[in-house]
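Chains: A, B, C and D, in written order; residue numbering restarts at 1 for each.
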Amino acid sequence: MPDISTTLSGIPLPNPVIPASGTFGFGYEMASWYDINVLGGIALKGTTQNARFGNPTPRIAECASGMLNAVGLQNPGVEAVIAEELPKLRRVYSGLAIANISGFGIEEYVYTAKKFDEDDTAAILEVNVSCPNVQHGGMAFGTSPGAAAAVTAAVKKEVKKPVYIKLSPNVTDIAEVALACEEAGADGLVLINTLLGMRIHPRTGKPIVSIGSCGFSGPAIKPVALRMVYDVCKVVNIPVIGVGGIATADDVLEFVSAGASAVQVGSQNLVDPFACPKIIEELPKVMQQYGITSLNSIKGRAHT
Amino acid sequence: MPDISTTLSGIPLPNPVIPASGTFGFGYEMASWYDINVLGGIALKGTTQNARFGNPTPRIAECASGMLNAVGLQNPGVEAVIAEELPKLRRVYSGLAIANISGFGIEEYVYTAKKFDEDDTAAILEVNVSCPNVQHGGMAFGTSPGAAAAVTAAVKKEVKKPVYIKLSPNVTDIAEVALACEEAGADGLVLINTLLGMRIHPRTGKPIVSIGSCGFSGPAIKPVALRMVYDVCKVVNIPVIGVGGIATADDVLEFVSAGASAVQVGSQNLVDPFACPKIIEELPKVMQQYGITSLNSIKGRAHT
Amino acid sequence: MTKNAIYTIETNQPIANDVFAMRLAGPTGALVAPGQFVNILLNGFYLRRPISVCDWDEAGMLLIYKILGKGTAQMATMQPGQTLNLLTGLGNGFTVSAATGKPTVLVGGGVGVPPLFSLAKQLITAGNIPEVVLGFRSSGDVFYAEEFAKLGCKVHLATEDGTAGTKGFVTTALQDMAYDYYYTCGPNAMLQAVHALSAQKGAAGQLSFEERMGCGFGACMGCSCHTQVGPKRVCVDGPVFTSEEVVFA
Amino acid sequence: MTKNAIYTIETNQPIANDVFAMRLAGPTGALVAPGQFVNILLNGFYLRRPISVCDWDEAGMLLIYKILGKGTAQMATMQPGQTLNLLTGLGNGFTVSAATGKPTVLVGGGVGVPPLFSLAKQLITAGNIPEVVLGFRSSGDVFYAEEFAKLGCKVHLATEDGTAGTKGFVTTALQDMAYDYYYTCGPNAMLQAVHALSAQKGAAGQLSFEERMGCGFGACMGCSCHTQVGPKRVCVDGPVFTSEEVVFA
């Protein structure tokens, strides 16, 4: 069978399929659906220094081939995550965990990153400079190359684990932001976070989601994500995790061809809780059908 | 019945539905499907100073709820358009025609705009600073507030007809570009042009469309378009024509609620040649059902 | 334990204005309490549609749903023999035993009525025959009043325009009733009114909430709400919350 | 005159490896020449699928299509009684009269074969019985060789692996044949080879092209090609071009 293994910063993954942050909680609850150890990794729910309820409801709206969300980083705060959530995950899962670190200022990113660095559970720190659903901070760091680089450098200085920066697509030139993060010491990149989108109720004329503009995801945004992964992989030398509308094994092959070392599956988990294991099962079959012997052999082939 | 009329720079439109440039040719061929005088207006095929074949094929790919295109401004050049295409349109159509002016430099924009200004057919000049499918010029003008303003000012100086600038969504802050165009004298704005997207063939690993990244449109991008129209209408005082994934009367109401004075229907024309007349027929019915008496009464209501 | 399976439509009939009853054949082992819901995948729509389960047996389940948008409008056009992909056994459902030995009332408003039906059956099986208060906008919207009566429940009907039963809201009918425990499902404003009135009467109960959901099984935090014991997810921690823990904004 | 209408599937059967014949009932008044095509809307896919018309009569039309992706794979699962939304009467089609009085050959490769069938019938009606050269990859891919023979045409079959007919390409079979006029439809490389070989023989003809299309009716310029007389759109100016006007890249 074709080889679907991959690596991220020297960490071996049995396959490239990772549920994206915010679509899989802290992982352990999904163990009631299937053995989550089949996953390539798990990106944990976005965590901040302090507990957050997030935004008022309605937080969700539907669009053509996608959805809007405005959860707004609901989480119990990093101490509670480490004390209460991660032990539950470790009990049922031994694979790669990726902590997702969100915040509203550089000190907070550093604080939360250090906590995850000191805990044993997560092997990669994913720093989210691209959350569109909070008023201050979040995306502001991801839309400026300088600010993204500053967060990267500050976190890198204080932690030992590999640091991956999760980038915003709501920019004129994502490759410029990616390069700035690489130069600031990022070990890898994750892209794309959600686009900014909106829906308005045609009868009432008011935005459907409480905060108006918010995160837009799903298969609808895949062409944008793939274009950006392609553009970033053209210029950086660090590993890229591709994310944005991935729902099938073919989608995985598109992103790996664009240069991604692994992928994250987001919205599709919400529609089909078995999306990830299905893709993992399909991937080697589809590769065999296409005459592809290993993921590694096709990584970035769209550029040649 | 509810009042679906609107105005653009003092020009009355029987309804707000305008086929978008590049999805309706020069209009007259569609007269074999239905009486195109039912339309609110027609945005003509993008026209450049000189004839262009455009990009090699394949120029088209499909995505979830949308499509990619890389036509690349194929057109016979402004002199041929005015001499050969516009007379054919005038023979079958007496409504509002909007010339779409594309180019690779400020002089070219001005040259082409002056030609359309001198001809009687088009009443509005839509200056496209946002074509993603050509290598130089095009989108480069639309991703910089300064460059967009420079094109606007240069064209405005030389023409009498209202000048609308068609904006690119591939920017960090579209409101900033919109404001720059307004300050430079734009009479109106059209947004959004296509997003930049890509598809890769999962078996061969090569981009499906000849030039790789290219224009992404269709219902998939509607939430992005609506968000941007909302953001722009919040800050400008000139009329905005909303475009991006519009396929139903409900979609029209979403964009008008966000502040649009009229809308353009793009990709949907390619899937359903009757898309525009269907929407025009549906619109007053849907408004009546929702208790909306006139489009004018709900313009921008999402902001209140 | 939640499950994913394919169900075959046996019947799909209108029973009131824009309200349909759909009987589905397929596995129901995942349903363990009245008040749970299913999440339905529809062709051409990205997110599933959550619908509460009205009743079920070993062979299938009954869903009662209202046309509220394009998705449910499409559901209403589906024919017997067509299939649907469901996530089932979602949500906590009502705790039947909590009402044991207490005079009990069920209060339903509009599409909040269906989950109370299997609840009524289970309460009766447990020896507790509840009174039932049903609220609708108008007579054409009324459904299941007779079905509850056939179970042996005393049914109090209220319509906003007075075209059937008492004119007014469920609370109009509820005001003069005596009960120690209640179960209620309906629009948020109704839940809040029932909660307040019952608190005056010293009655405790369980309230089933509606919220726009992303997944329906706890993954996305799309449907979070505040409670006395911190944030909860309507889809997995609810949709049923006790009168002690609910917080109204 | 192009039309938009709903058609009902009468039959949808495999006739070769991944190749299906679908008979549709519905209006065919928009079809005026062999070699025209229809553009089919499929549930869950944004763009239509262009498929050439193999044959038609007053009651309906026959389409032969190959599974080339997810859209055509879905088409292959459709059942008699289901309906399809078609744009029909698209493209210019072949000009039958151009071959009058000339020894004529039809050259088809793979899914380029179907439109030649109604062309053969019309040529025969006009008193011109063409010879037919059909090329496929392998014996399992062959279809319609017998159907052309039944019309009275002499059929030359070529397969790349030699498992049926001559081993080689259509040009292998065509090389030794004498003809003054040709009609051809198939992959671009085949069209180019047939064009070159025929030019050597002094034969003119008509070539039908394939291209990825946006709309199929001339609005989007997605399928433009170069010709001796300037840029043309494959969907409305073609798909059939004369041997004099074609340009190969």
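What we mean here is this: contacts are C-beta pairs under 8 Å (C-beta built on N, C-alpha and C of every residue); 3 or more make two chains touch, one makes a residue touch a chain.
The model shown is predicted, which means the values in this text are computed figures rather than measured ones.
Trainee: Which chains are shared contacts of subunit A and subunit C?
Mentor: Per touch definition, common to subunit A and subunit C: zero chains.
Trainee: Express in whole angstrom the distance between the two chain centres, defined as the mean CA positions of subunit A and subunit D.
Mentor: Centres of subunit A and subunit D (C-alpha means) sit 47 Å apart.
Trainee: When the C-alpha atoms of subunit C and subunit D are each averaged to a single point, how far apart are the two points in Å?
Mentor: Comparing mean C-alpha positions, subunit D is 57 Å from subunit C.
Trainee: Take the average of all CA coordinates in subunit B, do the same for subunit D, and state the distance between these two points in whole angstrom.
Mentor: A distance of 36 Å separates the two centres.
Trainee: What are the residues of subunit B that contact at least two other chains?
Mentor: 63-66, 218-219
Trainee: Can you list the residues of subunit C that touch 2 or more other chains?
Mentor: none
Trainee: So how do the chains connect up here, line, ring, star, complete, or something else (other)?
Mentor: Per interface graph, the chains form a ring.
Trainee: If two chains touch, include that pair; go through all of them.
Mentor: So the chains that touch one another pair up as A-B, A-C, B-D, C-D.
Trainee: List the residues on subunit B that touch subunit A in their complex, please.
Mentor: Its residues touching subunit A are 63-66, 68, 143, 170-172, 195-200, 202-203, 205-207, 212-213, 216, 218-224, 226-227, 230-231, 245, 249-251, 253-254, 257-258, 286, 290, 298, 301-302.
Trainee: Give every residue of subunit A touching subunit C within the complex, in rising order.
Mentor: 22-25, 29-30, 32-33, 45, 53-54, 56-67, 69, 71, 74, 218-219, 267, 269-274
Trainee: Considering only the defined contacts, which subunit C positions touch subunit A in the complex?
Mentor: The contact residues of subunit C facing subunit A are 1-2, 4, 41, 45-48, 87, 211-215, 217-226, 231, 236, 249.
Trainee: What part of subunit D is in contact with subunit C in the complex they form?
Mentor: So the residues of subunit D in touch with subunit C come to 43-44.
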